[in-house]
Structures are given as C-alpha cells and as structure tokens.
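Chain nomenclature is as follows: A, B, C and D, assigned in order of appearance, with residue numbering initiated at 1 for each chain independently.
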Amino acid sequence: MTRVGVNGYGTIGKRVADAVAAQPDMVLRGVAKRSPNHEADSAVQRGYALYAADSDRLGEFEHAGLPLAGTLPDLLDSVDVIVDCCPAGVGARNRERYASHDVRAVFQGGEAANVADASFTARTSFETARDADTVRVVSCNTTGLARLLAPLDEAYGVEKARVTLVRRGGDPAQTDRGPINDIVPDPATVPSHHGPDVRTVLPEVDIDTAALKAPVTAMHTHSVNVSLGAAPTADEVRELLARESRLFLIPEVAGIDGAGKLKEYALDCGRPRGDLWENCLWAESISVSGTDLYLFQNVHQEADVVPENIDAIRAMTTDIPVDESVTRTNEALGVGL
Amino acid sequence: MTRVGVNGYGTIGKRVADAVAAQPDMVLRGVAKRSPNHEADSAVQRGYALYAADSDRLGEFEHAGLPLAGTLPDLLDSVDVIVDCCPAGVGARNRERYASHDVRAVFQGGEAANVADASFTARTSFETARDADTVRVVSCNTTGLARLLAPLDEAYGVEKARVTLVRRGGDPAQTDRGPINDIVPDPATVPSHHGPDVRTVLPEVDIDTAALKAPVTAMHTHSVNVSLGAAPTADEVRELLARESRLFLIPEVAGIDGAGKLKEYALDCGRPRGDLWENCLWAESISVSGTDLYLFQNVHQEADVVPENIDAIRAMTTDIPVDESVTRTNEALGVGL
Amino acid sequence: MTRVGVNGYGTIGKRVADAVAAQPDMVLRGVAKRSPNHEADSAVQRGYALYAADSDRLGEFEHAGLPLAGTLPDLLDSVDVIVDCCPAGVGARNRERYASHDVRAVFQGGEAANVADASFTARTSFETARDADTVRVVSCNTTGLARLLAPLDEAYGVEKARVTLVRRGGDPAQTDRGPINDIVPDPATVPSHHGPDVRTVLPEVDIDTAALKAPVTAMHTHSVNVSLGAAPTADEVRELLARESRLFLIPEVAGIDGAGKLKEYALDCGRPRGDLWENCLWAESISVSGTDLYLFQNVHQEADVVPENIDAIRAMTTDIPVDESVTRTNEALGVGL
Amino acid sequence: MTRVGVNGYGTIGKRVADAVAAQPDMVLRGVAKRSPNHEADSAVQRGYALYAADSDRLGEFEHAGLPLAGTLPDLLDSVDVIVDCCPAGVGARNRERYASHDVRAVFQGGEAANVADASFTARTSFETARDADTVRVVSCNTTGLARLLAPLDEAYGVEKARVTLVRRGGDPAQTDRGPINDIVPDPATVPSHHGPDVRTVLPEVDIDTAALKAPVTAMHTHSVNVSLGAAPTADEVRELLARESRLFLIPEVAGIDGAGKLKEYALDCGRPRGDLWENCLWAESISVSGTDLYLFQNVHQEADVVPENIDAIRAMTTDIPVDESVTRTNEALGVGL
C-alpha cells in the first residue's frame, strides 16, 4: 500500500484525493489545506484527515469547528508520496520541504517543467518517471494533446500539429475570472507556450499552438490539425483513437453538441462531480484530406489530469507495468464511456 | 409499494425517476421517452425499463440498439401513478390518455394550473392533494417562493411580498437558448405570472413578481422583499427559516458567493448531478428594517421540484402524514445540507 | 467661457471631455492621462491638448510619439474647473492638489461622499452646488435612481422605494472582469450601499437596495418598486415620467427587449459611442397596484453621469438657473430620444 | 450618379444605406422594410425615403405613424441597383422580382453562391463583376479570409490555409441567440462550408476551415495558419499586410486585447456605430516558423462587408478601375485606422 498525502485541496486536489482513496493499492493519509472554508468542511465530511498547511492558522480551523489531524509536516512524516496541488508556482516553493522530509512528490502543470525530474502523462512518460523522486503531471491542455498525438505519431507519424486552444476563462466556481462577451488572444503571441509543454512529454513532436480565452467555464475546446506522415481514412483514425482508453469518441447519434451536453452525459452516467477524465472527441469532426487530419476535442480541465496523477504515483513507487497501472486506475475510477 | 412510471425523460424526468427509485415504498416500473438519444441510453445503463412514447418510432430505438420494454400504454397498464415530465403543454395533451388507463397523474409546472385537480408543494398543499386524481407540482420558481413564504406567513403574516426573479436563460445542456450579454425583462410587463402561480398553492399571500432573463445556466436568483405583519429580528428570521428542511442557509464562513460555488459545494458533498433540492439562502443577506424583510435566494431549477414530486405521489396514494412523507423523501434522497 | 480640464481620460473622462467640448459656454483646455495607450492616442486625434498626469512618465509618452502640452500642474494652472475622472479613490488623493492650484473640482461617484462639499445630480441638487468648491457627481446607479425618484416624490410622495440592481460585471472593454455564468450577490448583505448614496442627493427618500452582479457589459438593469403616497394610474405615472428630459420611456411598439437593442437604437440614432444619457424605462413595465408602483429601467453606466458633470460645472461657476443649464446641456449633447 | 435602393433594412441593410448615402457618386433613393419597428423609425429620422416591402402591410406603417414613399416596386422603378439585405434565403426569392424590374442586384453572403452571376470582394473579384447583372458579396467571414489570403497568395503563394473560426453566437441586438456558457462546434463536421465559400472568390486557394460558435456578440475571431510557398520573416509579412487598406494591424503598444477594446477604439475614433470595416489583426500574433504563418484576426461581422457592397455597385455600373473605387469608398466612409 502506497501511503499518499495531498497538499492543496482545491479543484485538482480534491479530485486527486478522491482518486487516491478509490485505489486498492493506495491509502490516503490526509489532505493539507490553508483555509478552513467549505472545501475543508467537505474534506472532513468525506472522512479525510485534515492537516493545516500553515502552522500559524491553526486557530482559524478551530474557530470554524474543523478538527485537525496535525500540520503539513505531520502529514509529510506519514506518507511515501505527497501530491502537491497548490496554486501555480506554490509547488516550486514547497519542493525543498518535501525533499527534507524525504518523500517523493508529484507536482501539477501550473509549475515550470524544471520543478521536477520528469514531466508526465501515463501514455507518453510512464517509464521516465520510474526513477524519479519528483514528477510533474503536465497541464490539462497538454495532457489532452499528448494523449491524442501519441497514438497518431506511433501509427502514422506526426509531421506537424497545429492546434487552436479555446480555453475556458475560469473554473465554474471562480467568479472573479473573465472575460465577459469577448474572445481574448491569450497569449496574443503565437505560438503559445502549450506547444513546448507538449514537447516535455513528446519531445519529438512538432507542434504549434495558438490560444484564446473564452467566456465559458465548463471545458477547453481544441481545434486540431495534424499533418500526418501517411494518409489514413477518417474511419481508420476513428478506430485507432477509439482503442485508446482515455479518449472518448462522442458518437454522432448521441446528439451531444457542446460542453453542456457532455457534462450532462457524465452526470447521467453517474460520474462523481460530472468528471470527464477522458478527452472528448467529436467522432463526426474527425476528417482527413490528403495527409491532413482535422478534429475537435474537448478537455475537462478539472478532471483529465486526475488519472494521470494516480499513474504517476505508481510509476514512482512500484514496478507495476504501465498497462496494468492504467487499467487499475481506470477500473477504480470508472474511466471509459 | 406504489408503482410509478415516468413519461418524458429529460431534465426533470430523469431526476424524478432516480428519486422514485431511491424510495423504499415506491418502485419505478419504467420510463417512457420519445427519442433514442444519449439520455435514453443512460436510462438503460441505469437499468430502467425503457418504453417508447410513440409507437411509430419503435424502429428508431431498435436502430440505436436500445432495448424497449414496450410502449407508453404498456407502462400505463403497469403503474398506479404516472409522473408526466414532458415539455410544457404536452402534459395537457397526455391527460386523457392517463385517465383512460385509470392511473393517477402528476404534472409539472410548465402546464397550466387547470391541468390538474390541485397544485402542489409539500409545504403548502399536501392535504389538498389527498383526494386528487391529478396533481400539478408547481414550477421551480414557484416552489422556491412557496417554501420561503409559507413559514414567514405562519410566523409573522405576509402583508406583501415583492420579488425580482433573475432567471437562468437555459439549462446547462441547452445550447440554443440566449440571451448573450443581455439582461432581458421577460415578461416586460410587471407583475409577471409567477405571483399568481404562487397563489395556486398559497392563495392568501399577496405577492408581486418581476422577472428578468440572464445569460447563466446554473440557477435562478431571487431578490426578495417581504413586508411582514410583525417586526422580528434578522436572527429570529434566520432561526425560523433554518428549521425548514428544504431551506439551506448558506453560512457566511463558507465563502460561497454564487451559483458556481453552490454547485461546487453540492458536488463536494457527493450530491448526484450536483443537485440542490433545497432553496439556497444567503444567511448574511437576510435583513430586517422595520417590518421589511430582505434576502437573496438561489433556486436550482433542475432539482428543487424533485422531492415535491415524490411527496405528491405519497399524498395521492397513501394516508401517510405530510411530515412523515417529507422525512422519508428527504432521507431517501439526502436532502439537507 | 468656463475653462475646463479633465484629469483621468478613461471611460468617464473621455465622455466628459467630449461633452465639455460640445458646450457653447465652456472650453476644454486639455486632458491629463497616466499611460500613453490607444486612448491617449485618440485624445490627440480629437485635437485635445494632452497632459501627462505623472511628471516621471514623460518619456513613455515621447516614446509612443504622443505630443504633450505639459503636465497636470500646467493644466491646473489654466482652468477654472478640473473634472476628476480617475479610478475610484484616486480622486480623494488628488483633492489637495486641486485646492492648492485654487481650481474648483468635480469628482465622480467612485469617491466617498465626503470627498466634496456636495453630492450632485442636476435634478435634485443644482442649488446645493452653487457655493461649492468641490462637487461629487453621484454614481451611474445613484444618478439613475435619483432621476426617477425625484419626480415621483414630488408628485405623489415616496413612502418607500425598494430596488434590485442587476449590475453589469464590467465595462465592454474590461476583459479582466467576471463573473462568467453566474449572478453574484454583491454585496451579499442587504441593503446595499446604493440606497444611502441616493440619500446624499435625496435625503428625505426612504430607499432599500439589493445588488447583484451579472455577466453582461452593456448596461445596469433596475427592478424598481415604489410604495407611493398616492394611487395614480399607470398612465398618469407614464405621463409624469415622460415629461422628464432625462428619462426615456421605451415605447412598446419599438420592439426593444434589452440592452442590446437599446444600444442598437442609440447607434441608429447617430449617438456618438451609442451613448444613452437618459434612464431607459420600459413603458409597458410601468404598472401600479394600489399604491405600489413597479417598473424596469436600464442605465448606461458609461454615459448617464456625463450631462450631470456638465451641469455641475455650470452650477459651480455661473448663476445660470437649473432649467437653463439642463436645456443647454441637453441641446449641446442631443439628450432626448 | 448611380441610383441605389436597399431592400431589407436590418444589421447589414442600414449600414449599406448609410454607406451609399456617403458616396459622392451614388444617391440613395430609399430603403424597403417589412416591419414598422424602431429601425424603420430611425430610417425616417435619417431622412431616408421609406418603402414598404409588402403591399399588404401598409396599414401597419400608417398605424405606427411612419410616412411611406411607396412600396418595393416603386423603389425598384426608380433605381439602377438594388442591394438586397434580406435575411439569408429571402434574397433568392426576390431575384426574379428584381430582374422583372430590370435592375441590377447585389445580394449578401447568406445566399447560396448560385444566387448571382458572380461572388465578390473588391480585393479578389472586381473585374469579374464588371458584366454581371447580379453579384453576391460574400459573407463576413469569407470577406475577412479573402482579404487576408489574397495578398499572401500573390506575394508568397498559399500552399494551404487552415483556419479555426470562433464565431459570435448572435449580433448584439439578438437576444434569442445562444449559446450560453458553451463553445459549440458548428458545424460539428470539419471542414466547414467557409473554405469552399472562400474559393468562390479565390478559386485557386487551398483552404480548410473549422468553425465554432461562442457566447459573444461583438466580433468573429479567426485563428489562422497558412503554409506559404516561401519563408518570409514575420516583419516582412507585417509590412505586406500593412499595405492593404482594409487590413488593420493592431499595434502592440495600443493595449488592445480583444473585441471589447477594439470596438472601444473604433468609437473613440468617432466611427459611426463603432464599425470596424477592416480586418483587425494582432500585429504581435503574426509569426512565421519555417514556411508556416500564424496570426489572429478579428472580423466585425456587421461591418466588413459594407465597403464591399459599395465597390460591387461601382464594378457593375461604371468602368471606374478597382483602385479608384476602393479609394473612393474608403475616403467616403473613413476606412483606415
């Protein structure tokens, strides 16, 4: 049993905690949090041991009636792996602390690549993470792109990928994020940093990305073009991608036209939080003209990195092969639509 | 065991089906649907017997690989109560059909009040529904207002209620609904029809409503003013309302500032579909100046009528008292935050 | 000729500058700005003398190729009145500076009431501003409420006004403002500060306000209830309000259903920037039940305070009577739809 | 003087009417409209002769107090060219009528290409329109793409263009259009019809387009990739594009980050209706990697086709060369930022 802690219990942290708790070969020793808000409350309701991330805010937790199991150092003393889910940049500041407690650490995609020994998705980098003390699970967009490009590259060769990312302005609970009634080039320079981030896990792939920010909260949308090294039919591509366990091909008959219906479908299927751990590709959008592949995919920014975090833990702490880890993760979570 | 069927398996229908299936004293005999889309598919996945609403579309279901248990008349022959969750106005056209099969029927708030013998919320109209063959559960906004006004009227007397409803433009999955970047008076005439609808369940209450439509999908927001017959303190009102099982007073410390965080909280609590069956009132918004009470509440349009449908079924088919029915419904669903 | 300068050339400042430039009895001596962006550029294009607000940023203007007429002190030396249109709170910090140059100052509604000798709308407070060295034009929402309540109070007496303000989340060019897909109680406490602000210009009026923030940029929407001291017919109220030069009653036949069509109408009428200097009231929304008046009005946050700034200047610097000032302002701008 | 009429006085029609009225060599004989709403009212206010499109609705105009100059046939009898700006598809139904009155006709991009003898943008198809009795000005998106691709193709050769169109959900006044909080693949199939439409004016260009629909009203956003036949520097491309009179390169120093600030800038410059007749390209987004060009551009759907309509009229009715026509149109309107 790998003993795991989560530091930072927000959008990603709470999902990683649930996912760890669902694994047969892992045990969640607790979660650390800074502020005693409704999320801290729900951690307690779920029966997770709650640790204060800052020792000087113990009083606030007490005041809010939230029982603490200790502070972050206590949690670090009791785990093999800590998953850092703090806001972007905070992970880098925590790194020394984890090392000094001699625990392995998984960081998130908001950190720079050099925060860790290796960048990670299960599909592309499982073996690279084997000997690592620290691993960075790449961002939601990068994860979504890597999962798509890896099988294409293996099957046909990717000459060049060109992707427009229409990013959600904020997560559903973030009321301080815009824009309203605007599509904002962000960054205004092209290509964006997302392409280089993909190359941290798929170093050989040539990819240019352009990013926009839109007044939506549910998912990112990718408009994808890939110049392939071969000229498969659209059906062949569909079959290839349908074989990937973390790609969901939205069937045309389903009548699913956007993120709203996708999340509705996830909730109809009983998914906790309506999470879509899979890339969601519109099957009818997949088309090939010559060697040029086109498609639309949606990525649930809150969820797609969650199974990757689980696999990262296994890669670092066990010698379970990648396929078995992915299968275990998928089964424990219910990945696959 | 009351045998129940659901006709119309959309936003409301699927939730009512789940809620019926969760009751210890009811059995869901099946759901009827018109089109074999992803919702039909998820009904099958949940193990619900699926009936075709139209006998001339059987081929479409077969084509989609969706196994049918029969057509609507078959379902009607096997139930004591049918819950009609068809689009607004379709229920009225179905009424004769239900009567001819001699089944009791529950209609939704999109129908005119005269579709049924009685309009219903558990808090206001349980006994009225006792002898009824047909009952109409009032709309999401009306349910939310009745739940709030009933205890206020009992405790202090409601001299006059004035409510501005900022309504969601469409449900999350409805991509064809606007407005974008606009707040639309809808109807432009004041008072709106919502006030009279409240009087179908609280006939004695004097209420004027004004309605707007906004570019949001998650919840309705009510800005409420009530001129009371007494001058309680805000704390007394808070205590009064906190005692109601289907009112949730959002504590100030929770840091919940809008519908996004409310739904997040519901999902964090493990609620299926993130459903908020309770009115959600901002505790800090509750204020009294003289005899004038003010507050903000949010209503989850997809969910608040669901427990009411369950209680309506019990009122029509059993002699269980209102308190016991409400308690059973609440416990089976998990109402109460 | 009153010599006027504008300090702070943003949303409000540029409109005030245009309005001053349009008055036959005023001369715009220049505008002061902090950053040499596209707004500074358009000031130069309009032929306005441009002053640097900060003497340490002269180089930036030079670098951007924007010719400067001097710095703020130079502008202050050449005017009778400075209109401060800096971001909320900055005006208070500028006050001493204006006093030391012995110029009269007009502040905006983002400042606290005590920034100036008097708070102002032309309809309510023209005479109060006569002897003032400093005047604060109240905010867009307060201006809109005062214009509406003043004639109602005079004609019938206002027993109590209760208003829900559905505020725009940000101005059209503000991409960093939210919310997305949410209606946020802001402030969550009721009543909001808008009521007390109305009383700075209508001290005798009893008003409670509740404020929400919505994902729109074009206008604020007010849902208004007024308990009157009399029981006029809706038509009588319509006639009363139609006589006010800064209230526009949207005729039912116009087919104008929201802010989008209102702005379209303003642009169709050739209004610069599509500005609506008038409150826009839906004529068909005006209704009376007993002594309770209801109506919806929209307020163009960027524009309604602009004619008030002009009248404030005349009140402070001339002995022109209020009616003549308002008529002059209206004619020079084209107020009246 | 070319005598021009406009049939259909909506978003496009009113702009074309204003543009015709502004030309020294054209005279606007009148506009025809179906319904006597606020737009008809503003046509009268502008002094345009108003004609009823339907002879059976004369009473409605009279009732609304709108003076009519006659009906559509009267207008057709008095013009050389009619510009049809009716809703998509209505133009095709009007075609015979125009022919029977022996007037030349300009149609809009909502019609199928075969509605007219030639499809048109001034940059690509001026000579083609010379002998045509009927011309179709291509849609806003197609116009924006053709203006960009034509100079690139001339200078470097376009091997392949790949464009993602993030389209506005509705125009600012259209409250019945969605989506809310969703980015919808529309059409879900790739490539979309926009590519083939570009080839009606640039037959030789190889272009694939993918289209999304977003909850915004102000502009369309294009994420553009072009594989060129040469490898210019980004600066060379900037210089090339800056020479085109209907392309506006947004300078980086302007601080313009999206459609909101673009429209603000247009209004600051005194543009009527805030119209942006030019493609708006973010200068800093223009980048070249190898022979791959990337950039973002925004297209003001309500405005970019307006100067094209004017040039189409000149191409059909005069022998003025293209450059002179474009210059005249630009000067009369004020095109060029």
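Observations on the model:
Heads up, the rule we're going with is that a contact is a pair of C-beta atoms (placed from the backbone, for glycine too) under 8 Å apart; a residue touches a chain by one contact, two chains touch by 3 or more.
What you see is a predicted model, and the numbers here were worked out from it, not measured in a lab.
Same interface as A-C, judged by over half of the contact pairs sharing residue numbers, among the pairs B-C, B-D or C-D: B-D.
Interface comparison, A-B versus B-D: the higher count of C-beta contacts falls to A-B. Centre-to-centre spacing of chain A and chain B amounts to 35 Å, using the average Cα coordinate of each chain.
One simple way to say how far apart two chains are is to compare their mean CA positions; for chain A and chain D this gives 42 Å.
One simple way to say how far apart two chains are is to compare their mean CA positions; for chain B and chain D this gives 47 Å.
Of all residues in chain B, those touching 2 or more other chains are 172, 174-175, 179-182, 184, 215-218, 257-258, 260, listed in ascending order. Across the complex, chain C meets chain B through its residues 160, 162, 164, 166, 179, 181-186, 188-191, 208, 210, 212, 214-219, 221, 223, 225, 252, 257-260, 282, 284-287, 289, 292, 294-296. Per the touch definition, chain C reaches chain D in the complex via residues 14, 35-39, 41-42, 45-46, 64, 171-175, 180-181, 217-218, 253-258, 260-261, 263-265, 267-270, 272-274. Touching chain A in their complex are the following residues of chain C: 169-170, 172, 174-182, 184, 215-217.
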